[in-house]
């Protein structure tokens, strides 16, 4: 699964995207799995209320299922316009 | 006093402006005076709710006093924009 | 603040770009442009009559009030009179503000007031003849918002 | 409907005039332009990061929803990314409608949604360093209007 990071999430994790092999059933499960890997993930995901997630390029929730999903992206609230 | 007419008020009265000598105390008095003169005024002023008035180029009311006033204009509701 | 009443056409592109370029402290620029609409029954021309002298004063008053009510860096109003063909631009307003809410609201305020409080009268010339455009109740009602 | 995400500058004048000229049935055209504001503590540049692919899809969804909710002839969205200097234009939207209320509301809707639902992130570069622009509660709150 392709996992993408933007803005300060990207900076904290230290890379813009990575390929991850996971059996996580939901976005939240994926986050828990990543946080267990290294501190930089735990730092980036410390406050989920400050984060947004897109599943296959559509804004989604942390309880969204990951079955058949190819791309998950994590980022702070958007500031366009 | 300069009296001006615009849009269909101008068309009904048949001229865009005229100099009128009057002792009318208010706009309403002036309207009554004009209506007594000729039918074309009575036709133009038949329904005051369909008319607006400006006194010295400021939107005003029919009970506005005419003391010291140099210019009165009658016209239908405006349709700018 | 720039208020112009003119018979000549204006260049929307040049006016929009020029207005935005003159605004150095604003993050938000809103423009509104009114265009002669080709109505169903064959509009040949729109004639716009106005009240020279009062028109300019009324537009300045409306623009000044907008600048007082909202935090604006600048406001522009251009309104044409005379005979216009379908597709021609009738008028435009532009507002510049630090925040988009002010720019939008001030532009809507300018439009609502100049629709019903600036001395312009439109007449539509169709094959069937000429007819004065009637003021809409909805335009008068729009003023109650402010 | 025209949605563009690009690094290059756009020409507000040409875009506004071109958009209005393409609209043949609309009496009302509204544009909004966002400009990099020169903040008090010395902004040197604004960097805009985005999510290629999702950005275009999100903007198209927002513009489509605007066209569904209001009677619009056309809508335009241009949003830049990359490094912008103070005074540069970040983005613009334009809407064309038979009636001004639709054109205004649709433009405000586009702005409210692309502020908070299109995947762009702004970073301000000042002498003091770089800082990500925080999302404003007022921008999120603005969505409740729709």
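To keep things simple, chains are lettered A, B, C and D as they appear, and every chain counts its residues starting from 1.
Just so we're on the same page, contacts are C-beta pairs under 8 Å (C-beta built on N, C-alpha and C of every residue); 3 or more make two chains touch, one makes a residue touch a chain.
None of these values were measured; they are calculated from a predicted model.
S.K.: For chain D, which other chain has the most distant CA centre?
M.R.: Taking each chain's C-alpha mean as its centre, the farthest from chain D is B.
S.K.: If you average the Cα atoms of chain A and of chain D to get two centres, how far apart are those centres in Å?
M.R.: 26
S.K.: Could you give the separation in Å between the centres of chain A and chain C, each centre being the mean of its C-alpha atoms?
M.R.: 48
S.K.: Find the geometric centre of each of chain A and chain B from their Cα atoms only, then give the gap between the two centres in Å, rounded to an integer.
M.R.: 72
S.K.: Residue numbers in chain D touching 2 or more other chains?
M.R.: 34, 100, 111
S.K.: Going by the touch rule set out above, which residues of chain A reach two or more other chains?
M.R.: Expected reply: 81.
S.K.: So which chains actually touch one another? I want all the pairs, not just one.
M.R.: A-D, B-C, C-D
S.K.: Flag every residue of chain C that touches chain D in the complex, lowest number first.
M.R.: By the definition above, chain C touches chain D via 11-14, 16-18, 20, 23-38, 87, 89, 98, 100-101, 103-104, 107-108, 111, 142.
S.K.: Hey, which residues of chain A end up touching chain D in the complex?
M.R.: 4, 6-8, 54, 57-59, 73, 75-81
S.K.: Using the touch rule from the top, collect the residues of chain C that touch chain B in their complex.
M.R.: 34, 49, 51, 53-54, 57-58, 79, 90-91, 111, 114-123, 132-135, 140
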